[in-house]
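Since the structure comes first, as structure tokens, the remarks are kept for the end.
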Amino acid sequence: MTLTGDVTLTDHHCHGVTAADLDRPGFEALLGEGRRGSFDSALGLAVRRWCAPVLDLPPHTGADAYLARRADLGWREVTARLLGAAGTARWLVDTGLPGGLTGLTEFGELAGGETGEIVRLEQVAEQVVAEVGGTAKAFDRIEAAVRERAVGAVGLKTVVAYRTGLDFPLTDTPPPTLAPEHRLSDPATLGWLVGLGARLGAELGLPLQIHTGFGDPDLRLQHADPLLLTDFLRATAHTGLTVVLLHCWPFHRNAAYLTHVFEHVRMDLGLAIPHVGRGARTLLAEALELAPFRSVLYSSDGYGLPELHYLGAVLWRDALGELLDEWLADDVITTADAENLVSTLAHGNAARDYPFSGTSRKPKPR
Amino acid sequence: MTLTGDVTLTDHHCHGVTAADLDRPGFEALLGEGRRGSFDSALGLAVRRWCAPVLDLPPHTGADAYLARRADLGWREVTARLLGAAGTARWLVDTGLPGGLTGLTEFGELAGGETGEIVRLEQVAEQVVAEVGGTAKAFDRIEAAVRERAVGAVGLKTVVAYRTGLDFPLTDTPPPTLAPEHRLSDPATLGWLVGLGARLGAELGLPLQIHTGFGDPDLRLQHADPLLLTDFLRATAHTGLTVVLLHCWPFHRNAAYLTHVFEHVRMDLGLAIPHVGRGARTLLAEALELAPFRSVLYSSDGYGLPELHYLGAVLWRDALGELLDEWLADDVITTADAENLVSTLAHGNAARDYPFSGTSRKPKPR
Amino acid sequence: MTLTGDVTLTDHHCHGVTAADLDRPGFEALLGEGRRGSFDSALGLAVRRWCAPVLDLPPHTGADAYLARRADLGWREVTARLLGAAGTARWLVDTGLPGGLTGLTEFGELAGGETGEIVRLEQVAEQVVAEVGGTAKAFDRIEAAVRERAVGAVGLKTVVAYRTGLDFPLTDTPPPTLAPEHRLSDPATLGWLVGLGARLGAELGLPLQIHTGFGDPDLRLQHADPLLLTDFLRATAHTGLTVVLLHCWPFHRNAAYLTHVFEHVRMDLGLAIPHVGRGARTLLAEALELAPFRSVLYSSDGYGLPELHYLGAVLWRDALGELLDEWLADDVITTADAENLVSTLAHGNAARDYPFSGTSRKPKPR
């Protein structure tokens, strides 16, 4: 079945786009998670194949011509076109990253659709530490700040995988003092912070997103295996919390296992899907081996380049359509069930898990 | 090549079925390894697609109608039909699980075919401890009990993956005392117990099955990676013991590597195959990348629901048939070699490895 | 697209062949990385399918007839035919293995094409220790010996994965003394040795090959996960060194991630490709999910049997051709880009990374 833009998506985890025109090094740095030369990849092929037509170019246009057209149109027009073409009705945006990105309001105006905010715990905590220093009372201030930010937000997020890794200590008790670090790295503090997120998430009905798997170079990937969360998931299993494992690749089968054994756990294939091009069908098939259908969400994890938000959507639809065609051809599923499954994965699961309260916006006329 | 029920299987690792009618929560709990809602999964689709016709329903019948029909027929009739439809000539049954399951005799009567018993080491040891308490002499009593149970059995099994994990200590010496635990968890005791299984398995010609990979929620999956057995496999390589790695997913490539480098090691894809639906072809292909054909066995790991025993058989045949069709189309293998390979995997390897001595039974007339 | 022998390859990592006729046990030992019976595998099928015709036999000839013909022709003729049929223009040969293998000159005469030498660090160090004993001054002697051997070589290699594993200590300082081991195993010494390789590789423009993943039985595979190299790769990222991760299976997705985040890192699928038969397409697809195209090299890792050098080439071409056909059918890539990609992977990347200076030789007339 060909899934068209009529299958509206909830992109339950993405970031803003760079609010500036980009030269080739700047573009490629964002394309490659910090690495140059990355037009030379499955992702580069996908940009040329899928994004070029959105900018009125033929499919497979070369990198230079693509970037020239992109510069002609300007970043606002390019962003509005690509985000608009994604067929995404709801965007949940992690606003905790620095770097000249669009804020939530501006992103919503460019993208159209409804937006909601995901609050990054480490960013809130580090902002508190920057203001009050690293004392024992900082812990209360952090909780207060997270509570304040959570008003109107739709979810919380932790990037502890980048810091101590996912085998952080399980604790509800803060350490005696909080070290005045610009970038928090103390395991005891981070373990407490994730525990705070779990407690507030359960109390306020906000899913807790956890970065796992594939990410920037400042990661030890083996410390981002979601299996390291097993004890944390066991501890939060009956608290009312929903945990969402983000990205997961190359540990997506491990993540699928966790969604299978823990009813409060979800997973997605964000970041991976836009990067792997045609490989997306394999990833989706591997995730759906064991993951209950109610536990798999869509996200792009788009960051910086609206190409990523768009490719996430296009490649996900393409991959799911192909997989379901195979299932239909092999009489694995009925057409009616397949159509239901598409809705479930595209937006139904997210609608159930997240407390939408964002504002819907029409894109500004170009 | 379409593999029909004429390709008789040896299901070298399964469990009994629940000897009672089940309501929907009870059924779903067994369908989902302890998790509710699991009709909503690849496994649920497979039950509706494949099992419904065995109960005289159309393929893809909905969950409620399926369960209603199941209740009408009663668990005995349903079990006899599904086990009978599996085309399995030999069933090796792990009898060490509690929970209202059919015993070996009753299972054999319902299933037809030959049965053999797999003795679970931890269950025997825990029974001894319950009787004599946890003293030093318990070790001798455990060995005696295992020897007694081994008479007439066809294999031994350990679930140490669920206890200390697969990096248990290698030792032939018991610790000074045995702690009186209801559920053994002391690494030194468990290491000794696995060593006992290896020693007796070599002496008595009984393969030692080891749970690896995917299982119930009370597992830390990363501790069930069969690679953690490398030193144990090295130590048992020339003792005459055959080791069978059960389930393996998502570490089935690791298991395949171990069967490649250790001649006395076997693997299967039990439990995974019935759960992953159409994904079975991928798993089988990944296992056969490196595993010698003589080292791969069939099992369902069916437990509780006869649907699992049946689906294991149906999906395994389906997956192997599809894979071999691809190989034939690509001139990878001849038809004669493909037919031999089917027999080897379906029952030949098990016939070589296990000392069958069970009784063959006709199913009782319904 | 069918990739024929016209697509010339650079086999950037292989070994010599056994300079003797082999009986069946001898052949099977080399076929199975030390394990008997391995005609009974994907690799065995591939030998019968692909190599038999090179020896004038029909495809799928049985093992006995194949070996009889092989004996009739003699190892020199068989080697010249199989290496010649590989369509490999450049062979980079690790000369550091014992065991009656052809030396570089003889290999080049039999194979035709250009040869270059890869210097195995552990072999050089162990030779020094054998000569001067294990004193503190041995470290200087080792450096001098590596420098001497590096003259005219095209790369360095470490097999530290087989010794302490890939989590060796990062250090530029040798330990106080060097233990007089026949086979180096001291982590501090090995860590220093790898550091020496990294330093000299950067200085002399020689890539450093690192064994990762699949290998002989004397490996703990979990210690060969290339993710364990993350800190080493971070430390060498801007030194001018090129690091090549060899083999990688079953961690090839992890390796691909490392090539994605570190610009100086390359990977291959050597050893795996000849072993997995039709599975090669899957491995290549999984590697190219995330690896930049500039970072993937071809190798066979052929060792002992020229069948392995040949199958590496044939199966790699077959797999890449099939994958690109799928991409072309799905409009993922243009024909021109696909053709460029073939050249890049087949020899272009190796030509850029290795300082070829070897001698080109015509095969001797048979």
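Odds and ends about this structure:
As written, the chain order gives the labels A, B and C, with residue 1 at the start of each chain.
Rule of thumb we're sticking to: a residue touches a chain if its C-beta (ideal position, glycine included) is under 8 Å from a C-beta of that chain, and two chains touch if they have at least 3 such contacts.
If you want to know which protein each chain is, UniProt gives these names: A, B, C = Amidohydrolase family protein.
This one's a predicted model, so the numbers in the text were calculated from it and none came from an experiment.
Overlaying the C-alpha trace of chain A on that of chain B calls for a turn of 120°, given as a multiple of 5.
In the contact between chain B and chain C, the residue numbers used by both copies make up under half of all numbers at that interface.
Remark: chain B and chain C have CA centroids separated by 38 Å (rounded to whole angstrom). Looking at chain B, no residue sits in touch with two or more other chains.
Of all the residues in chain A, the ones that touch chain B in their complex are 225, 227-228, 230-231, 234, 253-254, 257, 260-263, 285-286, 288-294, 326-327, 330-334, 337.
Of all residues in chain A, those touching chain C in their complex are 32-38, 40-42, 45-46, 49, 59-60, 214, 216-217, 219-222, 249-250, 272, 275-279, 282-283.
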